[in-house]
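When the chains are written out, they are named A, B, C and D in that same order, and each has its own residue count from 1.
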Amino acid sequence: MGMEWAWLLPAVCTGAFVVVAALGRWLPGRGSLLAIGAIGTAFVLFWFVMADVVGNGPGSFSRAWFDSGDLTVRLGMRVDKLAIVMLGLVSAVSLAVQVYSLRYMRGDPRFGWYFALHSLFAASMLALVLADNLLVFYITWELVGLGSYLLIGFWWERRSASEAAKKAFITTRIGDVALLIGILVLFKATGTFELSQIFAMAQAGEISQTTINLSTVLIFIGAAGKSAQFPFHVWLPDAMEGPTPVSALIHAATMVAAGVYLVARMAPLFVLAPGVLDLVAFIGLTTVFIGAALAMVQTDIKRILAYSTISQLGFMMLALGSLGFTAAIFHLLAHGFFKALLFLGAGSIIHAMHERQDIREMGGLRSRLPATWVAFVIAGLALAGIFPLSGFFSKDDVLFSVLDNRGVVWFAAGLIGSVLTALYVARLLYLVFLGEPRSQAAREAREAPLGMTLPVMALMAPAAGLGLLALAWGDYDGFGSFLVFLPFGSRPFEFHGAVFWPSLALAFSAFLMGLSMYRQTGGVAPALVRRRIPWLLTALDNKLYLDHVYQWTVDHVVLVGSRLVALFDRAVVNDAGVDATGRATRWSGLVLRYHETGLVSTYMLTIAVTAMVIVLIVITTG
Amino acid sequence: MSPLLAIYIVVSVMAVAGGLGTVLARNVVYASLFLLLSLLSVAGIYVLLFSPFLALVQVLIYGGAIIIVVLFALMLTRQGDETGSLDSPQKPLAAVAGLAALGVLIATIVVNKWPPSVDPEPVGFEKLGATLFTQWAVPFEIASVLLLVALIGAIVIARPEDSQ
Amino acid sequence: MIELEYVLFLSAVLFSLGLFGVLARRNAVMILLAIELMLNAVNINLVAFTVYLSPDLLVGIIFAIFIITVAAAELALALAIVLRLYRTRSSVNVDEVNLMRW
Amino acid sequence: MLLILVTVPATAAGVILVIPSSRPGAIKGTALLFATVGLAFSVMTFVAYDHAEAGFQFQRQWQWIESLGVTVHFGVDGISAIMVLLTGIVMFTGVVMSWSIEKRLKEYFFLFMILLTGVYGTFVSLDLFFLFFFYELAVLPMYLLIAVWGSTRKEYGALKLVLYLVGGSVLVWIALIAVYAEASLGTFNLLALQEVEFAKDFQNIFFPLFLIGFGVLAGLWPFHTWSPDGHAAAPTAVSMLHAGVLMKLGAYGIIRVGMTLFPEGVAHWQVLFISLATVNVVYGSLAAMAQRDLKYIVAYSSVAHMGLVLMGLATLERTGMSGAVLQMFSHGIMTALFFAVVGIIYDRTHTRDIDLLQGLSKRMGLAAVLFIFAGLTSLGMPGLSGFVAEVLVFVGAFRTFPVAGVFGVIAAMLTAVYILRLIAKVFYGPLDDRWQGIQDAARHEVFAGALLVIMLVLVGVYPTPFLDVINSGVDTLAAGLGVGE
């Protein structure tokens, strides 16, 4: 029982998807129990696989899928430590979310279908993590997108949900186009989809620098699409139209992590393209600010968390662009747990508030929802990077790699990002849990049932204590040595004074400042900012106008372009080209018909003359 | 000039004269009688060309059947009451076309290098019959079906409407 | 001795006469008669070719027989049409039948 | 076996002709029976085809017109084997989808079966004369089927379609005669003709005739405009058959005749060929985006997908060509499914305007599921057949003409835009009161749809058996084109 069984993880979930989707109606719990059983099995298997990988090193499993010409496509999987980390995250969070959903989604008319989709999603995500071949990677990547599309649009009767699903799929699909082109560019240069071969060729210098640059940029665009990096981040907030557990699973812990994972997986290629790494870091930093700034002004609890996710993904990209691959993955892991916790907590709140999501109507929920309050505090402080919660360790690691490889200016920018994080966390905690209840629903809110609080509590442990993984204890040398990216050696976690003190001090003070600020004003939006620089707030309220720009582009460029083509097709190709041929025939008929006298004599004369002409031609030429 | 040739010339002149009469006659009945002359002369030509069977067929079918049918048709359409010319207004054009055709045909005959001709010998009835009913049996049958179809068709077309 | 060319000349003359007749007449029956003349010209040609050029095959003569057959069929049909025409229009002049025009 | 294949629909047509039209049940039953038999034989042909041996199999030959060298010569290779399978499936589902036809049922099924005789005949004929004969036989019943049983400007659509296709046929026929004369073998036999090395100039002159002549039927830009009008006008099963199988006849003709006989000609015109194909793909997708009529959307998407087929062929590269053939199969199944669902919707709502339809999932859940399957295949979702085919085409394109490949990938994205927009508009959102009372797909319709979905999933998940057969055909073709190992 070991890594050669790793393929079972996605396989059991796929099986669950097929069975539940087809027969769910006739299964107990409409298939939900089967789906949970599958992901539970996957979670158990994960421990065996991990033990095996840790003990015996990475292993792989590959089998030909189909071939054509000189192309053979293999279904390959590879389990290494990077994959293990992701497997753990995906299976654990999926399990928690599905258990949570059991209670949360009770009574929904499409209860079984919901769980089938969850199985599909988990299966594709697990397979994505295991892929050792770019094509398999792309396939699972698309399936993850499909799962996300179907889950966001789960309540498709709502116009907004179906629009959000469409937007999410199409936006990420734009990135996917770049990704696929990047994969094919690499394929053209190397003749293979196998990652190990590509890396070997790249290190041996057999791939031209242009190809590497081009393909990494394209792959990064793909990653940016899925990981909601600027300027592709617009789909993620809208994706909150899906059921809240889905947001926890997909839009916090797993799917959006796929882009980060992709870049980390392709690390051997990215390190050969320093210019592209600059781009990655720059986009990451931009995303940090945009996400954090927008999180400050939102009033929908789920959207605040969504923008926060965007911002945190920006941190991961920043780390990747600063060669901090291990740091990025560690932050990904920590973020996955605490953000899932936040979302599930938010789900409980929304449940308690009778589907109201506006934080202006909340307040004072601390006493009404004590368990959720504890969860939110732990996850929120982790998000803000407060010692000793998991977020502190991972964010410290990220900032350290920025300082190490990018210099003080970038580091300072990163610090500002984490200050903003602390501020919006403070705002969120204050407005939701502290102060006075601001609506009838808030006054009457009741704690969620045990079926929902249990998974929340289960997630509290990793969200709080995951930082321990960073440290060395016993045989374990810390995360920096566990997950090693060549050509970098192991980099055990240390408390660097230059990073530790500023970041902790700033985060802590910003958090306190935020709390006091909201306590003083009691307002929902920061009145100070509103007075001083109103344009900034207006811009933020309008999400920096990006949606407007995209909408305009779609309306005025894409749709107009397509209408032009359609018009061209009708007017030029069809009416001028095709129907005109018909009209020309008709017209020539109108003109030529006067030749037809209807008199037999005329016709016979014509026949005779023609026959003679033909004979003459034959005689003279033959 | 061999006697055969002399006979040939006489018969030819008769055939051409009949033809001329056919196309120039002012009366339909005369025209058909001229045609009969021409057709019978052509039968004579067949005899001179050693094809007695064909000559027989010519006399029987053309001389007998066809001309009779034509005369019947003339009677039924009461040509005597017909006023006006038998000729079409494009008669001059037709003359030009006819002469041109003659020119083209003569030119073709003259220009063409004909292969050396063999000495003609009579075509026996037995040989003709054997060929017709072995090698050409299928076309022969088709021809008979054609005749039948034409016969029925002619009846259907010519039948008065009110009898339907 | 009758040369092949002589026969061809005869048939050429007859054919041209027939053509002239077809083109020059407006009476349908007269046109039919002229057509018979043309068919006969063709028959003469076929027979002459067979007899002078390939006496063994007999193709020309057999063709001539078929042409006579078809001519008979054609004439029967054509005269039926003429009768029909006369019955509906009281005339057998082809230039008065011009429905098939623009 | 191939003879049976061709005679099954022909016999069905004969039998249907003698059943009195007062007994619609018997007519439908006969059609279904023969369609089942046809499907069985198609599957048998496909399964029995030995891809390891490759080449033309199950050959049978009968003399027809000896003096012209016309023979009835049947045989299938890997490419035609899969096309035969496609025809069998679409025929069967088409008959099932025609169940609710009431008007002139007898004539309808008669023409339908004649059409299928032509399709089968084209795919299995190895004699160019008969290939062309069956090709025409498949086109002509189309006119009546659309003009009598169609909707939405049906006479216009039918006339346009037939004029177009016959126009293409003229070009093909000219080129065929030229081939016959130039080879001066006195035979129309394809196997004999493909041994002939035609002069380069001759190939260069006559290949475009085949390309355009057959390309008209394959929806080659700018000769595609018959397709939207024709598809929109045709009744459901005819649209299915038309987009699903008939358009493939065009591409098949290009492969079987054009590329086989004129290897140098196709190489000479390769850049034009792939450019037109690329225009097809992008243009079709963009045009589809601006449409409001469901059938027009699907029809333009067919134009785009046939563009991918042509693009794969134009790469003249084994992977690309295999992808093209697989795409033919995949698109055939997919578009049949599309038109089936559109037909169901039209039957229930009597409109195809996407602005009027919304929230149909609520009442037509099964139809929606079927449509979404087709839509996902269309936009290249992995796990469904379209993805495998598209990847192969793209790989081929990237090896030869990367720019075309880039446009292809982008067009796949555009496909996602219009398909998802369509799904969101028609199936999602609140249910309009107008559509409160509509019925979901009936049991037989779901059965037909499910059969098509199963094929899509099967090819998408486990394409090997299909690709093995295709590869064996494409390898021979590639060897003829001089693109070997």
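We take it that a contact is a pair of C-beta atoms (placed from the backbone, for glycine too) under 8 Å apart; a residue touches a chain by one contact, two chains touch by 3 or more.
As the structure is a computational prediction, the values presented were derived from the model and not from experiment.
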Average the CA atoms of each chain to get its centre, and name the chain whose centre is farthest from that of subunit D. B
Most central chain, Cα average position: D
Where the centres are mean C-alpha positions, what is the separation of subunit B from subunit C, in Å? 6
Can you give the whole-Å distance between the Cα centres of subunit B and subunit D? 58
Centroid spacing, where centroids are CA-atom means, of subunit A and subunit B in whole angstrom: 94
Could you put a whole-Å number on the gap between the CA centroids of subunit A and subunit C? 89
Pull out every residue in subunit C that's touching 2 or more other chains. 19, 22-23, 26, 94-95
Multi-chain contact residues (two or more partners), subunit B: 88, 90, 93-94, 97, 101
Mark out which residues of subunit D touch at least two other chains, giving numbers and ranges. none
What are the touching chain pairs in this one? A-B, A-C, A-D, B-C
Footprint of subunit B on subunit C - complex, ascending: 1-10, 12-27, 29-30, 32-34, 36-37, 40, 43-44, 47-48, 50-53, 55, 58, 61-62, 64-66, 68-77, 79-84, 86-87, 91-95
For a test of understanding, state which residues of subunit B touch subunit C in their complex under the given definition. 2, 4-5, 8, 12, 15-16, 19-20, 22-23, 28, 31-32, 35, 38-39, 42, 45-46, 48-51, 53-54, 57-58, 61-62, 65-66, 69-70, 73-74, 76-77, 79, 82, 84-91, 93-95, 97-99, 101-102, 105-106, 109, 114-115, 117-118, 120-121, 123, 127-128, 131-132, 136, 139, 143, 146-147, 149-151, 153-155, 157-158, 160
In the complex, subunit A residues that touch subunit D: 65-71, 73, 135, 138-140, 142-143, 146, 149, 153, 156-159, 161-163, 165-166, 169-170, 173-174, 176-177, 180-181, 184-185, 187-188, 558-559, 561-563, 565-567, 569, 573-574, 577-578, 582
Subunit C residues touching subunit A in their complex are 19, 22-23, 26, 31, 94-95, 97-102
Please name which positions on subunit A make contact with subunit C in the complex. 593-594, 596-601, 604-605, 608
